[in-house]
Amino acid sequence: MSMSSVARLAGTVVLVATCAFAAKAQTSGEPVKIGAIVSVTGAGAGLGIPERNGMLLAEKTINAKGGINGRPIRLIIEDDASNPDTALSKANELLFGQKVIGLLGPSLTASTVAVGGVTHANKIPQIAFTGIGPAVEKERKCVAHVLPPQKLNAQALLEYAKSIKAAKVGVLHDAGYGNVVMAEIRPIAESYGVKLVAVEKFEVGATDTTTQAAKVKAAQPDAVFIIATSATPFRNVKQLQMTQPVVAAIGSSSYEYVNAMGPGADNVVIPEFVVGEDPLPHQKAFVDLYKQTYNSTPKNFETAGWDAVHIMAQAIGKAGPNATPQAVCDAMRGPYSGVLANYDFAADDMTGIPLSSYVFSKLVGGKYTRIPFRIAQ
Amino acid sequence: MTLSLVLQAVFAGVTNGMVYALVGMGLAAIFKGSRVINAMQGEFSVIGAMTTVLLLTKAGWPYPAAILGGSLAGALVGAFIEVAFVRYMAAKNASEDSFLLLTIGLALTLSASILFFVGRDGHLLPPLGGEGVLIVLDAVMQFHALWLIAIGIAVTLLLRAFFHRTTVGLSMMAASIDADGAATTGINVRRMRTFTFILGGLLGAVGGILVTPLIGVDYQLGLNLTLKGFAAAVLGGLTNPLGAAVGGITLGLVESLAIIGISSSYKDVVAFSVLIVIMILMPHGMLGRAGRRGG
Amino acid sequence: MPTEPILSLSEIGHRFGGLNVLRSVSFDVPEGGIVGLIGPNGSGKTTLFNIVSGYIRPLMGTVTYRGVPLVRETIQKRGLAGLVRTFQMPQVFEQMTVIENVMAGCAKLTRTTMLQDLLRTPAARDQMRVIRERAEAACERFHLCGLRDRPAASLTAGQRRILELARAVVGQPRLLLLDEPSSGLNTQEIENLREWIVRLNAEGITILLVSHDMGLMTVARTVHTLYFGEIIASGDMASIQRDPRVREVYLGV
Amino acid sequence: MTRRLLWIAVALVIWAMLPFVVPRNIADLLVFTGIYTVAGLGIGLLLGHCGIVNLAQATFYGLGAYASAYCTVMMGLPSAVGFVVGAAISMTLAYVIGRPILRLTGYFLALGTLALSAIASALFFEWDWLTGGTLGIGGIPKIDIFGFVLDRPSRYYFFVWIVAFACMAAARNLVDSRTGLMLRAMRDSNTAAASLSIDLQGLRTRVFVVCALFGSLAGSLFAHHVSFVSTQSFTVDRSISFLLIPVIGGATSIPGIVAGAVFVTFLPEFLSNLGDIHQILFGLALVAVVVMLPDGLMGALNRIRARYAARGNRNAD
């Protein structure tokens, strides 16, 4: 190694260092601490892990572009193990221990309502990865939701059933998530010309629902709704040679469930928001970035994580450097066109997602495809 | 309540029942051989099934070899548990409850380890006899389910013969009924207990492998299988494996008939209520054979 | 017989599976008396004993206690009526001290509800005081004060038998059933036991004594001999020892 | 004797200062420890004194919580009513169900309580008109005593621990009372106790009812602390962690129950920031305690103290 090559080598090293340093320089100053609680373990892990990936990607992107008015974001992500009282302890730690400015998550409705009690009392802005749930959440004006209320999901399912002229519908749903969506479907089914000929429930985490599926089959419906967070009912419907089209709720739409459905993952239509294989134009940039970073295709919950961080960052930016949490709350309440959908957090359901934002995917041989059907607003 | 619905319920009931029976038989075998109620019996099934999945998909073994590997894995874990823990506690003649608590602890540890090392998602295995189905009066029965029931019956008869006709089986029974008595006749009680756990592990693993093509296996499946296996073994009087088979089938049928009779969400309520009633009214299980020391 | 018998057994029969353990046993136990029941092992003595004390319900025959036939009465109810038994192997409460064992015997004389005990109301404290006083008195009387605070597990066979006796007596029984009380005792302890039997009987406790120990049995006024589930001879000790059938059974001569 | 009083005084001072010294999430955990102590006391009585493995405590814990939630949120009644209604329902259910189930013994009783717990958690899901199902009931008000609202862990801590001390005193009274005497006799020898006219079945049922009372009280305290209840908090695994309290702490000693409660609440918290491995460590911790310390932490402590004392005496001789 002659002296000149050493010198040249040193020069390049210095050059590279300054660039990196320069990039870093733009985000000097005290980091903005944002807390997050997701279910990385337990029953809700199918939601929590994609949400976490979406949030981390958003943090990296925002910081690379200079953070919020020059200050980098620091996400502190905790796992509530799909348990509401763990979620509450973690919320206490984030809000009062770490003194975060805002809170993202949790992934499950039960944890959201538990944590919402604390954020609402202390006026800390929160963006939950759940649809608005029980009545008590309606008064919590600081808790925004990046996923639609179950009423909207119910309408989307019924809109599709009406579009394929399925007058008689059979429903197979679990006692948890299924119950909640079912409670919204029952009152409005008539108005869509849909008659519920069979409604069969099974316990969460059931290992076999063949008998329930057989009862639905016996009612000879035109289409079958499956509302659950497990793949078992999809397999049983296929095992019973039921030929009717299956319409599933957004909760069943993840690659993990699709793999576990095995042969059941065919002729299944799902109203959701993101079909990574064939994204809407405004979603393309995010989908490509996600594929490049995690080399897997993003779906609804990854996108929800991504949007949540951006919404919080924008609100903090708008509210100014040392704004009070209440000021960030107010700044958050307004329209925001996200990758998942167009929100309006000023709406009374704190979500404001219109029916037209729904995209309908169809599972063909275990692969997602996007069908042209959209709900006209 | 069409006939095909009832038939479908019976098919589903017998299939599930046979799975509960296999897990229950493992439990009854271990209780018969060591007086220990094994609360981690379901984990043997998960270990057996997961090993088969990994051997099949990752190591690329042929299916029959993978099944053998999975069954052996269950047996090995059974042996390890007995040698590492049960033997030590038995030497300190620990109480019934502490054995139950030991196996609960092991169940928690094993399911968490599977979550950590193998991951969270569920896996399926290719069904025996292909994807075909048998349709009778519009009620559907998968070929694999037929295989499962056939193998279950074969295992039951094999087990019965093993305990009553082979010397190892007889000495296992003797060791459990009266350890000191058996020791005086030259039976190595400790080795017998290890064999019992190996047998229990093997049965659990076979149960797990057979059920995976139907319901898929993940790290949480263990506790559910243990609970239903418990119920099957208790309904069968706990000390005789054949009883566990009858108990399992009964439990499966009660569950699926409850679904069409009452409503699908009361399935577990009905199944466990039946279990409690039978435990109280028929202390020796449905087959009424005495020799059950646990209750 | 001036007074009505405290206990009378009529045609008691029992079977375990195919094995006929008791064929048809009938005899009375007069109030205030000491009645003995002897017989080789396997003669059905303990089964008869378990039937009288309520641990087993006989397939045939009735047990009448103070004129009342005992059919579905539980062990506890018979105890409250004064019919108390001891066990072949003395069943002392191992992890409890001697005084606590005796106190447990007094529990049946006192009444407290769960709520009173939870809140430690004056009534509960008072009942506890009564229990403690009675137990102290019994310890004094049975010369157990030296061992008062030692766990029962550390007692010798003789001391365990006396403790079991004290615990039964402190509950003011009327009829005391002693099951092989001399088993495992040395001669000195058997002599001590014999004195206690006589003294308790003198205080009005009727005693039904089951034993295969001829020496101790001399304390009984009438003795019944049980052989393969049947009474083969009755009478005082002297006549029993001369009875040819008993000699044949016992001495094989 | 004064040395013991001194120790108690020091402990009380530390106890009173603790919530203000530690960070808020530790205070939050200390509140949970108090709640778990109350629930654990019931299990300890059954396990330590009657040798009964009770895996149904989550059911009574749930009933207490749902009663408090329903009375305060749906019917707008004061929180005290929730405690009383919850306790009444739990005790009645424990009596009605306890009588048949407690005829079982050994494994079968443990399995019976496990089945009871499974039935209850299925019904909690099913009767969503009462329990709110998976959505649960939110907005449970904080307890206020004469206007003083206990909304922060540091304040609620005192209320919870005063209730816990009262329950400990009640348990201590029970152990020293006539009932406690009969319980210990029953545990040492069922047959001998029966011969002394001790009503075994009645005793077991009554202690089961007391255990349900403690479970329900703990449930109501939980509801007002988390101000939200849902089925996920009353599953079979919750019953298992309640059972661990006396097992780990030592079933027959009241301080053992507190030690067990600390173990069950703090261990998962500290292990959880080690990532996904924490559940394995928790399972292994249970196995280690069951194998190494058959009579729990307190038992081991006593053995060490005894050995230490023995060595002390030997030196003194």
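For reference, chains read A, B, C and D in written order, and residue numbers begin at 1 within each chain.
By definition in this document, contacts are C-beta pairs under 8 Å (C-beta built on N, C-alpha and C of every residue); 3 or more make two chains touch, one makes a residue touch a chain.
If you're wondering where the values come from, they're calculated on a predicted model, not measured in any experiment.
Taking the mean of all protein C-alpha atoms as the reference point, the chain centroid lying nearest to it belongs to D. Each chain gets one centre point, the mean of its Cα atoms, and the points for chain B and chain C are 48 Å apart. Put simply, the C-alpha centre of chain A and that of chain B have 38 angstrom between them. Rounded to a whole number, the gap between the C-alpha centres of chain A and chain D is 37 angstrom. Counting partner chains per residue, chain C shows two or more touched chains at no residue at all. Within chain A, the positions touching two or more other chains are listed as 41, 175, 203.
Residue positions of chain D touching 2 or more other chains: 122, 125-126, 276, 279.
Viewed as a network of touching protein chains, the structure does not reduce to a path, ring, star or complete graph.
Residues of chain B touching chain D in their complex: 37, 85, 88-89, 92, 94-98, 100-102, 104-113, 115-116, 223, 227, 230-231, 234, 265-266, 268-269, 272-273, 275-276, 279-280, 283, 294-295.
For chain D in complex with chain A, the residues that touch the partner chain are 23-25, 28-29, 32, 73, 122, 125-126, 128, 132-139, 151, 153, 222, 226-228, 230-233, 269, 272, 276, 279. For chain D in complex with chain B, the residues that touch the partner chain are 47, 51, 53, 100-101, 103-108, 110-112, 114-116, 118-119, 122-123, 125-126, 236, 240, 243, 247, 276-277, 279-280, 282-284, 286-287, 290-291, 294. Taken together, the chain A residues at the contact with chain B in this complex read 41, 45-46, 49, 175, 200-203, 205, 207-212, 214-215, 218, 231-232, 235, 239-241, 256, 259-260, 262-263. If you check the complex, the residues on chain A that touch chain D are 40-41, 43, 79, 81-85, 88-90, 92-93, 96-97, 108-110, 113-114, 116-117, 121, 133-134, 136-137, 175-177, 179-180, 203-204.
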